[in-house]
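Heads up, the next two complexes both have chain A, just with different partners, chain B and then chain C.
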Partner chain A sequence: MFKIKLPTWFVLILPAILILVAVVLIPLLLSLYSSFTPYRLTRPDTLYKWIGTYNYEKAAKSWVFWSAFGRTVLLLTIALNLEMLLGLGLALLVSRVTRGQRALRTVMMFPMMFSPILVGFQFKFIFNDNVGLVNNALQSLGVTTAAIPWLVDQKLAMFSIIFAEVWTSTSVFAILILAGLFAIPKDPLEAAKVDGCTPWQTFRHITLPFLMPFIYIALAIRSLDVARAYDIVNIMTNGGPARRTELLWTLIGRTGYVDAKMGYANAMGYVSIFMAIFFTIFFFKKLSAARAELGMAG
Partner chain B sequence: MKNPLKSLLAVTTCLAMGAVLPAAAGQFDGITVEAKLIGGQQYEGLYGRIGQWEASTGATVKIVSKKNHFELDKEFKSDLAAGTTGWCVGSNHSSFAPQYPSLYADLSPFMDADEVAGFVPAMISASTVAGKLVMLPRAQFDVSVLYYQKSLYEDDAKKAAFKTDYGYDLAPPATLDQFKDQAIFFADPPNFYGTQYAGKDEGASGRFYEMVVANGGRMFNDDWTPGFNSDAGKEALGWFVDLYKAGAVPPGTTSYLWDELGAGFASGTIALNLDWPGWSGYFNDPESSKAAGDVGLVVQPMGSAGIHTGWSGHHGFSVTEKCPTPEAAASLVAFLTNEASQIAESAGGSLPTRTAVWEHVVKAAEGDEFRSSALNVFKQGATHAFPVPKTPYWIEASNLIYPELQAAILGDKTVDQALQDAADAVDEMMQENGVY
Partner chain C sequence: MDINHQHRLKTRIGAGLRHITLFIAMSIICIPGLWIVLNSFRPTVDIMAKPPVWVPRGLNLDNYRAMFGGAGEGGVPVVQYFTNSLIISVTSTVIAILIGMAGGYAFARYRFRGKSAIFIGLLLTRAVPGVALSLPLFIVMAKTGLIDTHVGLIMVYVAMNVPFTIWLIDGFFRQVPPDLAEAAEIDGCTRWQAFWKVEFPVAKSGVASAGIFAFLTSWNEYALASQLTRSTFSKTMPVGLRDFTSEFTINWGGMCALAVLMIIPALILTFLVQKHLIAGLTFGGVKG
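For the complex of A and B:
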């Protein structure tokens, strides 16, 4: 009987390949295929009707889609940069604490421990215009007599969502950057001190370059992970009102699961995936450049 | 008989309930019926009766999923996509039912004609999709009536001021125009608002729909082209816009749905509230509501065409086409919707869908002034009820319409522009789905 002799290295990685193919590649290919069909969840037979690039053309011509796309990029840009800056500040402050630093680090991670759905409900209540904490506090303090529509106003609604997202995820940056701070060798810092550098010069020319690889790793992880904010947005505004907070995630979720138009939702999803890939490549290029600057292998 | 003890139990149970069960004792011995049911406090009481059906038939009910309707809807759609619809009994709703043309079986062959005749005819009509009786209604019928704070209408100073401002006597509104006048009159933001409305999802589209009808218009024409971009539609949307512009509703109302609306009226800061029957007990309970003891109800108002609003819906149970034991499943559905079940369920405050149970509920409420008067109003309100348009694309159309309604309410678009955009989007969707 003929026997195929597979190379040992291939046999060893075969289980990993099979698992990846089953749970990643096949679903990806199936969803890619379905984006070229008018597939509706409620009519499974539509999966076998090929309509070419109709869904992509429809998305390309859709003002609703491009508005959501733009808003998603805006949210990513503002939220990630704010989280990075606040996380950097938080990490620098915590790194200087000498007593109780472990307890502080644990407290700092509390927001990460809440499920995004709970965070959504929490901030939906906090920003409620009628019975919410923020309006009640502002009215009690005499700052305003009006009921500020935090979740309705064009700018305030996006602000509220970004606030919730930043609250829950800043600690991710803080923890990663703190790890970076602990990894910085002491010699250059002491040399800078001896040479008479100001604290800002030390931070700008020594600490920050050492931290950049960690910052870019955090940015790369968070840019992929930020789509988890779907739960927060879904609970707080569900993309509304009047599509003022519509993001790709809420639009795709509603199109796929509520309207049952999975083919069109997948086409929009693929545009979203390409966007995520773009961000990842961008941050990894930056990471490689930062590592090269420090003399580390690319 | 395979299990005499179970049969004896079943007979005893039947006698105790004073009801005749459709299934013969032990008829479904050994059969397991899988069910996907709506969860939530107000729905759970009924499921406590399932044990009686199990004891009487010998079958077992396995609840494989329990979620709210929106989550169940997503699960059903995923099941349809995956072809995993072999479970048997599912919770259904008249607003969702038209979406699943291939999921549920026609229950008519399994039901006695007399059994079906016991339901309010309009409920059976709303449960029939494309000629198929796809569900049997449970005692969870919804049509909105107008709740109001009674004390506002007993205040002489307010009465005089209103008469001066509007030229007619202050009394609970009978028309949408009066509703708007009074909501604006009572409003004192940010502490007190004249009214509020569901501002998103099907809640917003549904309210708009009933007002279009009340103003003499139609949501869809006979060929399913959009019919709401009409004078009646503009009048309906104008009503929402005017109230928002006048500050008569909370500024966040476009993000409110039923829970927020219920909490709002219960907080005592809303004068008038068009809402569902299920809230009546909550609103008049001092434990949960600041408005308790001051809650009045009137039949929902009329639009400019002299037609009352009446967007209605009801919950029910269906049997899947792929259920391997449809007789047992249909028997369970019949049991959960029979007179004894409806009497038990409506004791919690929800409205029945059987004619005989209505009479029972009204009689049981004698001596409770609030409950009696509320039931009287609900009964009158129910005579004006109409279901959502029977198209599989109602929810999809609703998702295209409500963001445009919001845009007009918030001032992003004019009423004309918003309705034109909504009509164009629905028209494109209908054509894309091959409706015309």
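For the complex of A and C:
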């Protein structure tokens, strides 16, 4: 009998590492390998044929791929910025309310409980050109008589998707920023008032810098699962009509499962993985910088 | 006098504007959800009516009855889906919390080489998009026979939740001063006892909030579940929502009914532990 004495910390993080290796790392290695093969689900033997970087070159030359890529970056940029600004605004509004604040905060958390797929269906229903709430309201109010094709027209469809995305995720920002607002020490605010700062100056130079770590936490948390937007888009338009709202994720899903071209889909999947990792590292860097500024580094 | 008056007027207009904006914002937050709830009680004729029927009439439980009814009447195996969702979410949450507690404790209390690299590596696994992960997972699970089983999905959700759980719990354990446990150890506790009797009670709310997040993530997940489940044996509710769609039409009423059923547990849970949720998010992140 021999016994190896492992350090305690290693024993403690071992289960986490094991499950992540089994469920994330091994499949990712497999997909990395298969992205260098012409693997098709319908023809298993294709998994053993090495074709080098052919899939990546194909993607790099594909206009469909680049437009989906550009659209994904655009969607994320617009949605994240909007969510941040609206969340900030909402938090500032709620923080000024004296009565019923708890209730407001509860209502604010409402969208967080909705499954993304449910959000997708909900807004598919609401933006439906025939029976949707939006068109019904516009027609009843006499704004328009036509059925506005919210999910068919390219610009309107992107708008609808961004609206749905912003609807679900603004609350994450609002709640975190609100918590930040409560944690602001009162002294500098009062000092600023005594020194004759305008409300804007106070906000710009005292409140906002203090809120930055909270904003970055929200961004970091969001960046960990931005790809959840896939569920929403998948249901609302599934990249259609005619690829007008195609995002990287819907493109990957369709190539992999519908066209069964796993190798090619995995190659594109890697591009999306690197994009996600880039976003995450970017926000975590910002977060630790903001923390350090406030002396909360740990 | 005049300046005073002007100032007061300005403040009052400002307050009024603020309330109006707040009201509009809250309406936008609430109306989509309420619309779903309302439509789950309306007959299909009313949902489809042109011109629209604004004043609700003939509200009934038909959609719910149909949903729980047999397969022939447009029903879906909703009880089965609900049970699947519940088993999978609860089990994966419990496991993720146990693993996350061990991991979070290690990161908060021990020093070792490559600590931050391992930490970031763990977190990055969470950033992998579900669709991109689902392709190879599908192949692996198909080969190992884990497709369409509870175990397969539970494993996936544990892996999904562990990184974030470790992040949150690590932040909470850092707030417990190490002296506390040391004092307990001097008084004759073992490390194990010191953990459960001294450190755990202090960090309890962090564990609770991590648990809620893990539960909500598993309860609501769709991208992976839609590929890794095949039959009623393991389909979860988010996947079940798709049963109401066919090639060209969607049974909106039925779908709304299932949606309500899906939101209720999440809603109850979140209300019960709201306070932990906010505390968890902020402390875990800011001071972590």
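Heads up, the rule we're going with is that the second predicted complex is superposed on the first by the 271 of 298 C-alpha atoms of A that agree within 3 Å, B and C clash if a C-alpha of one lies under 4 Å from a C-alpha of the other, contacts with A are read in each partner's own complex, and residues count from 1 in each chain.
Just so it is clear, a residue touches a chain if its C-beta (ideal position, glycine included) is under 8 Å from a C-beta of that chain, and two chains touch if they have at least 3 such contacts.
What you see is a predicted model, and the numbers here were worked out from it, not measured in a lab.
Q: Looking at the overlay, does A:V143 come into contact with chain B only (first), chain C only (second), both, or neither?
A: After superposing on A, A:V143 lies clear of both chain B and chain C.
Q: Return first, second, both or neither, reflecting whether A:A60 touches chain B, chain C, both chains, or no partner chain.
A: Touch status of A:A60: no partner.
Q: Just checking: does A:L151 make contact with chain B only, chain C only, both, or neither of them? Give me first, second, both or neither.
A: First partner only, chain B.
Q: After superposition on the shared chain, which partner residues are touched by A:A289: those of chain B (first), chain C (second), both, or neither?
A: Neither partner.
Q: Is the number of chain A residues in contact higher for chain B or for chain C?
A: C
Q: After the superposition on A, what does A:N238 contact: first (chain B), second (chain C), both or neither?
A: Only chain B is touched by A:N238; chain C is not.
Q: Looking at the overlay, what does A:Y257 touch: chain B (first), chain C (second), both, or neither?
A: Both: A:Y257 reaches chain B and chain C.
Q: Tell me which partner A:D129 touches in the superposition: chain B (first), chain C (second), both or neither.
A: First partner only, chain B.
Q: I'd like to check the shared interface: which positions of chain A are touched by both chain B and chain C across the two complexes?
A: In chain A, positions 130-131, 139, 257, 262 sit in both the chain B and chain C interfaces.
Q: Can you list the chain B residues touching chain A in their complex?
A: Chain B residues touching chain A: 70, 73-74, 77-78, 80-81, 83, 99-103, 189-190, 199-201, 250-252, 254-255, 260, 263-264, 267, 269, 392, 395-396, 399, 402-404, 406-407, 409-410, 412, 432.
Q: In the complex, go through chain C and note every residue touching chain A.
A: Touch residues, chain C against chain A: 18, 21-22, 25-26, 28-33, 35-36, 39, 47-48, 50-52, 54, 98-100, 102-103, 105-107, 109-110, 112, 118, 120, 122-137, 139-140, 155-156, 158-159, 162-164, 166, 174, 216, 219-223, 227, 238, 241, 250, 252, 255-256, 259, 262-263, 266-267, 270-271, 274, 277-278, 281-282, 285-288.
Q: Tell me, which parts of chain A touch chain B in their complex?
A: 38, 41-44, 128-131, 135, 139, 145-152, 237-238, 240-244, 254, 257-262
Q: So in the complex, the part of chain A that touches chain C is made up of which residues?
A: Touching chain C from chain A are residues 7-10, 12-13, 15-17, 19-20, 22-28, 30-31, 34, 89-90, 93-94, 96-97, 104-118, 121-126, 130-131, 133, 136, 139-140, 167, 171, 175-176, 179-180, 183, 213-214, 217, 220-221, 223-225, 227-228, 230-231, 234, 249, 252-253, 256-257, 262, 265-266, 269-270, 272-273, 276-277, 279-281, 284, 287, 291, 296, 298.
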